[in-house]
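These are the structures, in structure tokens.
Next come two complexes, and both contain subunit A; in the first it sits with subunit B, in the second with subunit C.
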Partner chain A sequence: MNSTVPTKNALLWLMLGLSLAALPHFSYQPMWVFVIFASMLGWRCMAIWHAWHLPSKQHRRMQWLHHSIAVLATVLLLTSYGNLIGRDAGVALLTVMLGLKVVEIRSSRDYYLSCFLGYFLVVTNFFYSQSIPNATLMFIVVTILTTCLISLNDAKQALNSRSQFKLASQMLLQAIPLMLLLFVLFPRISGPLWGLPTDAHSATTGIDNNMTLGKISQLIQSNEIAFRVKFNGQQPAQSELYWRGPVLWHSDGVTWTELDNETKSATLPNILNLGTTYNYTATLEAHNARWLFALDFPNALPLGIKAHFTQDGQLLSDDPLRQRQQYELSAHTQYRFNEDNNSYLADALQLPNNQHPRTQQLAQKWLQQTQLPLELVQLALTHFNQQDFYYTLSPPQLSGDTIDTFLFESRRGFCEHYAASFTILMRAAGVPTRIVTGYQGGEINPVDDFLVIRQRDAHAWTEVWVKGQGWIRIDPTAAVAKHRIDQGMNTIMPLNMRSPLMLSNSRQLAELWQTLRNNWDALDNSWNQWILAYGPELQKEFLSKLGMPSPNWQQMVIWLSVSLSIILLLISSLIFYQRKRLAPVIFLYQKFCNKFAVNRKASEGPIDFADRVKQLYPNNSAEIDRINKLYINLHYGNKSVSIDDLKQAIKTFKPPRI
Partner chain B sequence: MMPHTLSQLYHRFNQLRGRRIFIVPTRFGFAYAGFLILILLGAINYSSSLGHVLCFLLGSLGLVAMLHTYRNLAKIELHHAFSEHVFCGEKIHFTVLFDNQSHHDSYQLNVASKQVLTPTFNPFRLFKGYRHHYLIPMLKAQLTTTVSITLASERRGRQPLGRIRIASQFPLGLYTTWSYFNTSAYALVYPKPLGGLPLPSANDNGQQSNHHKQTGVDDFSGFDIYRSGDPIHAIAWKAMARDDVMRTKQFTSYQGGNVMLSWQDVAQLRDTEARLSQLCRWILHAEAAGMNYGLSLATTAINYGQGEQHRHRCLSALALYE
Partner chain C sequence: MPHTDITAILQSINTIILGKHQVTKLALTCLLAKGHLLIEDVPGVAKTTLAHTIANTLGLKFQRIQFTSDMLPADILGVSIFDRQTNTFNFHQGPIFTQLVLADEVNRATPRTQSALLEAMEERQVSIEGQTYRLPAPFFVIATQNPSTQIGTFPLPESQLDRFLMRLKIGYPDAEAERALLLGQDRRQLLEQLQAVISSDTLIELQKAASNIHIAPALVDYVQKLLAHTRESGIFHFGLSPRAGLALLHAAQSWALISGRQQVLPEDVQAVFPSVVNHRLNVRDEHSQSNAIEELLSEVAIP
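Let's look at the complex of A and B:
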């Protein structure tokens, strides 16, 4: 019964579905994966339309060619990825395998297997991206693959391709209510079940745990969202929005690095909070490291995630952030940080050996003017402000002693140039200083009032330690480009880096673009907050809001089975609902019959009924005859009359009331 | 008392339920479920919310597909089945009329007949016992269609159509649903016309006066008013179109004579089947020659006659001879 060979129609549907499912993968897979996949599909197409031979027992040569391509693909896989187990290698293997399989589909068994593997290829897409466009594409793919199954089971093509696709869409729409129930109520298990392959988390752009000059300025090319924040109540001024990330202490002259882990976690910072409290919820995109970017400075550990503070004030998650995370924090923008003592001052005075001679010279010169730390800071900031220093998004490449070259020659730099050279200057003058990296500012989306912080808001600033006052934030960039801090990054971006439409110099277009982008961001945000973030924790929270006393899996299973049965009953009644479909001619005739004061008897044919009615309505007999004749002609197969005539005649026919 | 009431209830329920419809997953249905589990494991492992969505969507699709498969078959009824009568050794063509009583079109209905009683224990080969498959690609709502089921005639006598199974896997092939119809339709299988004995000589005397006019298939002799039972091919359609009165064309046979075919004539043959075959052959000869013939068996006697109906009476008597 199942040995039928899939039809041409079914094969074409399958190839369409598989290529769409594999499409997003091609952008990051090696070129040869695409080449093999496409040529295999091309081979099958040529076999369909131009009777090319397929590998089979009759065509040994083709079989030989097919096998050698399979071997070649395995060798290429092993050389490109080193193994066949990881995520990327596995997906590439699946893609190539499906391409090779398409050529040798002979029975419906092969066809079902390819179709089911196609469904699996869809899910692998979600391991890379769960964005709305990707989800939409994959829904279309699922519809097409379902059409494939229908097409296979309709070997005689009683349905045309359009009706097959329509039936598939109909069935999927009927499945959606059940799917929603399962999504909400199916007991979720927090993954991973076993160790994830090492390549499971692809590299992301973002702040790193080290810094070289020119590194952060690369980030501003990226419009990617780093995190989103929703303030509950009051929101601090733009110039106070410092989002603290990695703190850098050590310099080898080029690269700045963190303290080692032991020193970092040895003690807790001593914070004295002042002024207003700001409460907010942050949704941080995955960045594969542990920092939780927090408004300087949090007054407690976050809710919703396990985390701890380091002695230099970083907020670190206990586990690396492999996926989008949400946490609640409250913060004070005015605070005192370790005002009395700090045991790591030696680290904050470290200078690379025998480097930056001219910078050290300058610091020595300032030391002769004053010994007070804050006055030294002021001297440096004035120096940046008064001399011809420029703040630029595309600083020139520096060579040699980068700090000296920047301070005395190029004088064009981004925030990290100012932060690094300021730190060297201060340390040379004996003031303990450290660099803090993170983000500054952000942009409010007027659609949903979320503050959006993008990669281009990445920033580096410094902190100096003064006895009695603790660590004080000094932002050398503000001395050069005050508007960067006060108004945010957007104002200083060159026009062509803001949006493609800005190029047109048209205000309306630019505003339209901004509105569209804001709306899209807001949609994307709710997608993240509600669909993608729905895991074990959110499920518990949501279900207890729905009225489940204490959500555990037993209760979920009970709720699920009850509601599933109800919905299934509703859907079956929808599917089995018998719509009375009268032929339009009969429907019209019934309308005609209903216009009289007498009813047509079941045994009465149209002629008998007309004779009877004509006696009751002698004035209308001509009309009755005409309609009756039209009806009889239409119903009994005389196609020379049109149904519109009958419709018109019945519409205008108005017998008098008796 | 209690068990009695329960069994009564059960029977009433069974009557209400009517014909039984079975549905089970196919091996591809089980494979589909396996793939769903794989997808779920992948989704859990990568904590992919959309992976969960996909798994649940496909799972729900599986449930919906079950309803669709069931609906595809639920309202299909076997309207009736019949067959022409054949001689032993010829193929029997049963015409089976199926009726879609629902308001939805049905597709890919697989009709099978002739149960071969070899029990099978392979759950994926439920239909192994059935031979002779016929496919109805589409049966529109509220319409009927016919399927021609061909069986070999093995023995003379009544050959029942037997149990008919109708099955479908439409639309996704994940489930197979089936149902049985027990029909009482049968084909009458006449004995095979065989044997080389000459036709017993016609006896012309005595009974000539008993019939005034022998009607046969030879020469046209005029019209007569139609009486029910007259052969359809004899109806004068053209004449009817003129004045709406049904007439039959009358033919008169002038040749032949009267012959009584009796058991004694074939007594020399070796067994019953051979005798019946010889009688069958004689009847065909006599009919073709336009003779008046009768049949006299141990159990039955058929008087002289001629024509399609008479021939059938005689052949049936042979077919059902015990």
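Let's look at the complex of A and C:
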């Protein structure tokens, strides 16, 4: 058998490894990438099991086919992505070409190349996801690819596939201390080394900078986590957990939008904080915009991130949030917001032209009863509360003048319906009002005591401005569904929206599901907090705790090299010690064997070796025989012979150099 | 001196069996280790002659049983016949009551007959109708077997193959030996003239001497490594049993005796290893059996 040609087993292992490495990519790459990759691997499999022809000099037609697929793939890549540079295009190129390469593997060199490209494909997976499942899958792939390298180097096929896999796993497990050391000590760089291509940040779900009726109720279908909060010490009541996001001022009758950027950051809000201080750390998932959702209302800018306040109280990061981000804040749930004056009251009274006539009529009717803003607010809330308004997660589709239709006909709505119609009513009555979007509530995970805020906790509420009291938060939804605010979204959600459909029939199963999910969330959270968040800051903190004074990269490199040397020294001394522990007879015999120009094979017995050596050193035959006999008697015989004779004989034995 | 006896035995055998020193040495090893021998090869390569030569040289009583498919156990073991005069059953011993049995073409007989022979081999006694008859000592069986690819054979199952200490293949003689054979005297005549070199008592002493050859712990380590490798490497369907390990040690002891040593060396184990294990191991892959066993020997390091 020619050892340079990879065996069937080696090829199958490689294809398994590559398929698993490419698997996560198929979910965000175009279909044809998968089709080409799969058909190329299929071709190779057919060649293995059904002797299909592979492209080669003997099979020109196959070669031609192979080349045309490669050209086709390049054309498809260019049409799909426009170029071959960038994260998505680059990864697609790697995937397709790796598939094509598999068909071409003829020698061990090709095989090595595909293996190493496979490792590279593993790395590209972390461009997209660094989650636990993905990391686990990639660990398995690395084990399989290592198995491939072993199987290629096992020309004699002394190991079967299972033992090869076992050996690969052992090797990787042995590498773990080294991996940990590099993880902890390798100098971290803030931000990516090179500019990530623009397509690296694709759309994520989350709160947007505008609102139309029905938008937030779409969001609440999502169980995705928006952010996590850990309170240090006291935690506010559930009904006080308002996490401020975009503040919406302007309405065209359908869509609500923010102030323009200039107006937004023209002045700073004037806040007077009262009552208890709550300190917390938030870990915000990437959402590509700038909002840092903060508990109303922070008393200072956050630690751990560069940010600023807008005049309507939003906390904005200086850079878009492309990565998971951690920040520390302290907040007071009681506060006064611009109590004396507010420069943009006109924006808070804006009404779309010639719209919502019936709503305006209702407001006029109320105006005849009272002129006081707070009484008007009360009238509106009572209206929502006393009339047959319903809070529902699936409001009917509204047509025509949506606010009028909602207020006077359907009367079934979600938080944004109540917030929007309340705002129109108040503005029509001359009370400055704005909509605040963000999240309300959250759910404590009993496993690790983190407060988890999900997309489904998205909420819209309002603020009215009253002279002398500033902006006051009014939540019209609370007038209709008080428990939504007091107990959180979880109590509103029907069981079948909180757990998979199959489990919703049984309470126990649904609860079990909840427990499992809590545990998984906690695990995922600690993964985020300890592994993925281990950047320059955390590294510095951790290393100074370990006793490294003012850690910098030079120091880290020194520590790294010192600890690496220590580990290697430990391993080599272990090996040395094991050799020392060999019976002295064997040790002596090894010394004897090492005196010759030829090596003793591991499976060669003493007589066979002596016979072989005597042919090379005919003049030393007698001496070799004598030593060999001593050794045999000592090691295999039953006579009590002194080891010193052997020691002496070997010491004085000096075969000539050949 | 045991060694002079052994040299004389081998010389005597080699005058009849030409150019097969290794095979005759292994065959003698097998007998000195009190093991039964299975010879597998095509007809006409002196399987029977070898058995006969060994019997004559060692001064053993010899019986040959030609196995056929219509043979019954009684044809081997013997029968009880009613004696009208004494009104009793008298046991008439079968051909197995001898010191060296040549079971020719053992795989031509039905499994029932085969197992009668193999039980007798194992127990070294015959039980018929509640009566136990001891077989003479020393007692050997040399069975010959045609390659199981030939038609009309009942291959011996693994459990019964295990009763044989060794399986040997004789193989064709080399050109020189074959020429000497073709030009020389008739082997049957030579056989008749062959004198016994030792008595069966001496043989028993030699067997005792073999079992007294020293086995050092270091050697047991090596044998255990070999056994472990057959079990763990995944090359074979099943690894070697402890009984096979014991067989290996016994065979290595008598090989060491024949080679004139007082202790077993790894070389002795290696010399007998293929013959002792090749009928007990089945290779998983398309490798040929002997290749796999040779490779196994070269892979296991001597501790």
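Note that the second predicted complex is superposed on the first by the 558 of 658 C-alpha atoms of A that agree within 3 Å, B and C clash if a C-alpha of one lies under 4 Å from a C-alpha of the other, contacts with A are read in each partner's own complex, and residues count from 1 in each chain.
By definition in this document, contacts are C-beta pairs under 8 Å (C-beta built on N, C-alpha and C of every residue); 3 or more make two chains touch, one makes a residue touch a chain.
Computed from a prediction, not measured in an experiment: that's the story for all the values here.
Undergrad: Touch test for A:Q369: subunit B only (first), subunit C only (second), both, or neither?
TA: Once the two structures are laid over each other on A, A:Q369 reaches no partner at all.
Undergrad: Check whether A:Q648 is in contact with subunit B, with subunit C, with both or with neither, and answer first, second, both or neither.
TA: Once the two structures are laid over each other on A, A:Q648 reaches no partner at all.
Undergrad: For A:S107 in the superposed arrangement: first (subunit B), second (subunit C), both or neither?
TA: After superposing on A, A:S107 lies clear of both subunit B and subunit C.
Undergrad: Using the superposition on chain A described above, determine whether A:I607 touches subunit B (first), subunit C (second), both, or neither.
TA: In the superposition, A:I607 touches subunit C alone.
Undergrad: So, A:M179: does it touch subunit B (first), subunit C (second), both, or neither?
TA: The answer is first: A:M179 touches subunit B but not subunit C.
Undergrad: Tell me which partner A:Y636 touches in the superposition: subunit B (first), subunit C (second), both or neither.
TA: second
Undergrad: Check the residue A:M138 against both partner chains and state whether it touches subunit B (first), subunit C (second), both, or neither.
TA: first
Undergrad: Decide which partner touches more residues of subunit A, taking subunit B and subunit C as the two options.
TA: Partner with more touched residues of subunit A: B.
Undergrad: Using the touch definition from the top, say if A:Q334 reaches subunit B (first), subunit C (second), both or neither.
TA: Neither subunit B nor subunit C is touched by A:Q334.
Undergrad: Between subunit B (first) and subunit C (second), which does A:L159 come into contact with in this model arrangement: first, second, both, or neither?
TA: In the superposed model, A:L159 contacts both subunit B and subunit C.
Undergrad: Can you pull the subunit A residues that subunit B and subunit C both touch?
TA: The answer is residues 156-159 of subunit A.
Undergrad: Enumerate the contact residues on subunit C facing subunit A in the complex.
TA: Touch list, subunit C to subunit A: 214, 216, 218-219, 232-235, 262-267, 270, 285, 295, 297-303.
Undergrad: Which residues, counting only subunit B, touch subunit A once they are in their complex?
TA: Residues of subunit B touching subunit A: 26, 28, 31-32, 35, 38-39, 41-61, 63-65, 67-68, 71, 74, 102-103, 107-108, 110, 127, 133, 135, 137-138, 141-142, 169-174.
Undergrad: Which bits of subunit A are touching subunit B when the two form their complex?
TA: 1-2, 108-109, 112-113, 116, 119-120, 122-124, 126-127, 130, 135, 138, 142, 146, 149-150, 152-159, 167, 171-172, 174-179, 182-183, 186, 188-194, 196, 200, 322-323, 531-535, 568, 571-572, 575-576, 578-581
Undergrad: Which stretch or stretches of subunit A touch subunit C in the complex?
TA: 156-160, 162-163, 583, 586, 601-608, 632-633, 635-638
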